[in-house]
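Right after this note come the structures.
Okay, so subunit A shows up in both of these, paired with subunit B first and subunit C after.
So, the complex of A and B:
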């Protein structure tokens, strides 16, 4: 397995810069998920790693070797595409064995590698079928199998689950995590789905507009988002970001008020009293109790929990996650208070964590 | 019981409505396609002049006569050569050109110029193309001959359209010049419909450009290959205008094709029955090829 260094990599299309100088260190056996909204440059970055896009600036190193000008097949990578990109006129077995055939691998060795990948992915009964005869999940497995047989240094995944339905996505997520444990491989995975990022990654890279917003372990990012963008992007439902005013400060703690929602927040950079800040609090960290009143406008009852969508007294939208079933149809009112120590504070100007 | 009869009535009404919708097109087909085709078969059993009212029923005599006509053998052979070269050139060469241009090995500007230059001949009228190439191939004063002389290849100089050995090949060459670019454009459209990431997956798998061509492009456009092959064969079978303009089937009937043979029989020799026989033969060969196409497409 390999380590990878991405050093100040940029991608320029004419005057437009899709990736604007990104640095990421990926350790051996690490599962790195690059996450961000559409157009943030995540797929472009992955394609540059794969060699499918040229690198305009910066350096890509795999195991210390510069890969900028090495052809895709010689980089020691394998890629699973969003569309699976299975060769439609070849059987599952031929799809998986194609790279080995091109590399002129001896037949018995190729057969052994294909059989092993088929066993790992339980593809045995499907080997003679064409891609069109497979379900979405099976195609996905074949695409992964095709990557496995190449025994790559690094696996690259480009939104591999986005074409699957919700239940299959969950199943494949679990299988991918198992696969990573089994293969002990270095993997780089691109997605716009923050749940995939949270559940699969050893390390998450959050991108926006071609730049890294934050790099860290999933829970580290969840607990300590670096700015309002990351705070809003990671977590579902998304974090409430409320305009608030600092009413008091005390060593390392700021007291803020957002339309009656009063909160003590531990901060590294103490804001001035009276400063306008953004209070970040996740829906699951608001509990029913005496505090700010919320006028509930809609609710979703999921059985085990209820999401209430409403507005604070000053009209700011807020989402609250409540345990159990609550019916807000008759009574649209609710008062909430934050759980102590769970809120985040961001600068009102820059959006950076305080 | 009432329900059932209501249902039957509704189905019948729907069916009638369907027939009424297709009736105009069907009528057009019967009057202008199937009718004349069947009438033509009937004509082939008679011997008559366009101007005469006397029709002699001769049975299959016209067919026997055609079978024994050496010009028919020459024409059929020429059509076959035409078809083979056209398929090789318009499917083989056009597909290769399309694949090379779509592989983006050339810069965009030169690829566009190349594409336009190749496509341009297909928008010219066949008669114009024929006349221009006739001038180019004129012995001594023609540009081709002069070029051969200038480059020291004077031994290759010949009357391309005036010699029985080369006349049909010269015409076939011009036809390829005119249509290869057009077929290339069709293939380019087909290649663009092949998902890009299949090529990328191949690239990552280490496949060369030629391997990508054989493993992705060719299977990806095989429907178009089949259709283009059939269209090209049928076109070669029906070819008339370019041959008529450039050689009129000469010299000494060496570049005769079924089309020119049929035209000459009808409008030069006034043998409508015999001409209809040639038309019927063309019709049945075309029908066989058409049925083969349907069968091949169904098999896929």
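So, the complex of A and C:
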């Protein structure tokens, strides 16, 4: 049985429903990443788990026990805030020890726990400093240290790395993954960042407008997005979603044509010949070769690869990722073909995967 | 415009600014200088040269004034002011915390009501208050001064502290909740320490107000043992009609404590008032 069960949880703010009935099962020691566009209810969901917001409907179970009305501190949960929320007037040591002090933990035991957390996070030399005397990355570590000290069963993170610069983010991401292995704790992590989601998660939950769009392992979601929203949301640059028409079908495979880009796609639900569908193909799954011609309008050369942004013959925008360097002004036009077996097909009206 | 004329303009600007500030400073400071200078003179000296330095520094003016009753008035003022400030800050801080942090139904209404108290001039409630004091036996006690001073100071003090507290990120409280702290503990260990600058400012403002308070002191007490300096100095002036030097010394003594407090706490005072503005 799942360790933490989120059952049909909803949050009502007045007449506005920010979270509209979400079900997630989280196993012990699992790293779950919640992603979704801004305002979709990620923080609200996390805060309901933490107990900082009341749960309007549904049920939260941790280890089989109903948590809806349990005080935040008694849920066995620690939370790391985006703004770190360190107590500005307390030293690093006092910040990390506050929960223990509140819980009246004996002095020597508290000191031991703080020392252990400090060791894990390499905070040793900083223990007597105030938060304002720390760098962003160090503050982030203290915030995590404050969580570790309480020895929680579940860690919650709300965009913990979004205030850090790119290189520090990379470093902290690696440290978080290590921490997860070391502490063997369950973690629920909210982020905007694709790469954090793909690299950290055992399981990704994609939210939109307060509802779950898809739950699955990172590569599962990458390979089999459940609908056009998830297809467009996971992966960078975004997957091309092209209007296409079914030209032929055969058992389990549909042949579609999007302005000259012709693909054979394996499907579970065979569409009718002539039906309007959406063809999904990632920029990295288009290769130069005889096929559809693309009128390139802009390109970005990153050294190892080149992104070409252009239009198909019928004007639909399309992005192509090519290996190496290409200069389209000199080379002239570009023709592309799909890599076999990499395209996705979605229903033209519902957007669901076929 | 050339660079040179630009700097000339800047210099002229600077001079003008300084002139304005200097004038303002002189207007504010000269009565005090005058007071302190004349506190050392005899009455004759004073009329002979109002702005001159004393020919002989008559330090004994101060001891005369002190023995004439100023010491008792000062003590009374000190008691009333300290008690008022402590009670006022305690109540205002707790009210502000509730108004900022807690969610309860009549919150907006209660805040409006508190602010409404600031509109009420003390004069209109003087007679009803006097009757209350008389009936409750508070008349002519320290409480006859402390309670109304607290009541009339609370709206503005609460307003100041509330404004400051809204600048404290709510996530600090949430972090403390996750850490297991209750409201009382969060109030004491998170909000109070962070509010220190505004407590200093608000306390100073209220101390100055209470120290110089006149109308309650005139109405609600009468005996020498509870009179505060504002009223005390007045009766002092009547008794000492002729001896201006001693009177000045008494006045100087009566403003000295609050002046010293202000000078010592000046930085926190300014810091507390501006910190809310530059969030």
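Everything that follows uses one rule, which is that the second predicted complex is superposed on the first by the 349 of 354 C-alpha atoms of A that agree within 3 Å, B and C clash if a C-alpha of one lies under 4 Å from a C-alpha of the other, contacts with A are read in each partner's own complex, and residues count from 1 in each chain.
The rule we apply is simple: a contact is a pair of C-beta atoms (placed from the backbone, for glycine too) under 8 Å apart; a residue touches a chain by one contact, two chains touch by 3 or more.
Remember, it's a predicted structure, so these values are computed and weren't measured experimentally.
After superposition onto subunit A, partners subunit B and subunit C are found to clash with each other. After overlaying the two complexes on the shared chain, residue contacts for A:153 are found with neither subunit B nor subunit C. Contact with both subunit B and subunit C is seen for A:78 once the two complexes are overlaid on the shared chain. When both complexes are overlaid on chain A, the residue A:113 reaches neither subunit B nor subunit C. In the superposition on chain A, A:208 makes contact with neither subunit B nor subunit C.
Of the two partner chains, both subunit B and subunit C are touched by A:89. Within the superposed three-chain model, A:103 lies in touch with subunit B and with subunit C [touch as defined at top]. In the superposition on chain A, the residues of subunit A touched by subunit B in one structure and by subunit C in the other are 50-52, 71-74, 77-79, 81, 83, 85, 87-89, 98-99, 102-103, 146, 150. Note for the complex: subunit B touches subunit A at residues 195, 197-198, 200-207, 211, 215-216, 219-220. In the complex of the two chains, the subunit C residues touching subunit A come out as 169, 171-172, 174-181, 185, 189-190, 193-194.
Contact residues on subunit A toward subunit B in their complex (touch as defined above): 50-52, 71-74, 77-79, 81-83, 85, 87-90, 98-99, 102-103, 146, 150. Taken in their complex, subunit A has these residues touching subunit C: 50-52, 71-74, 77-79, 81, 83, 85-89, 98-99, 102-103, 146, 150.
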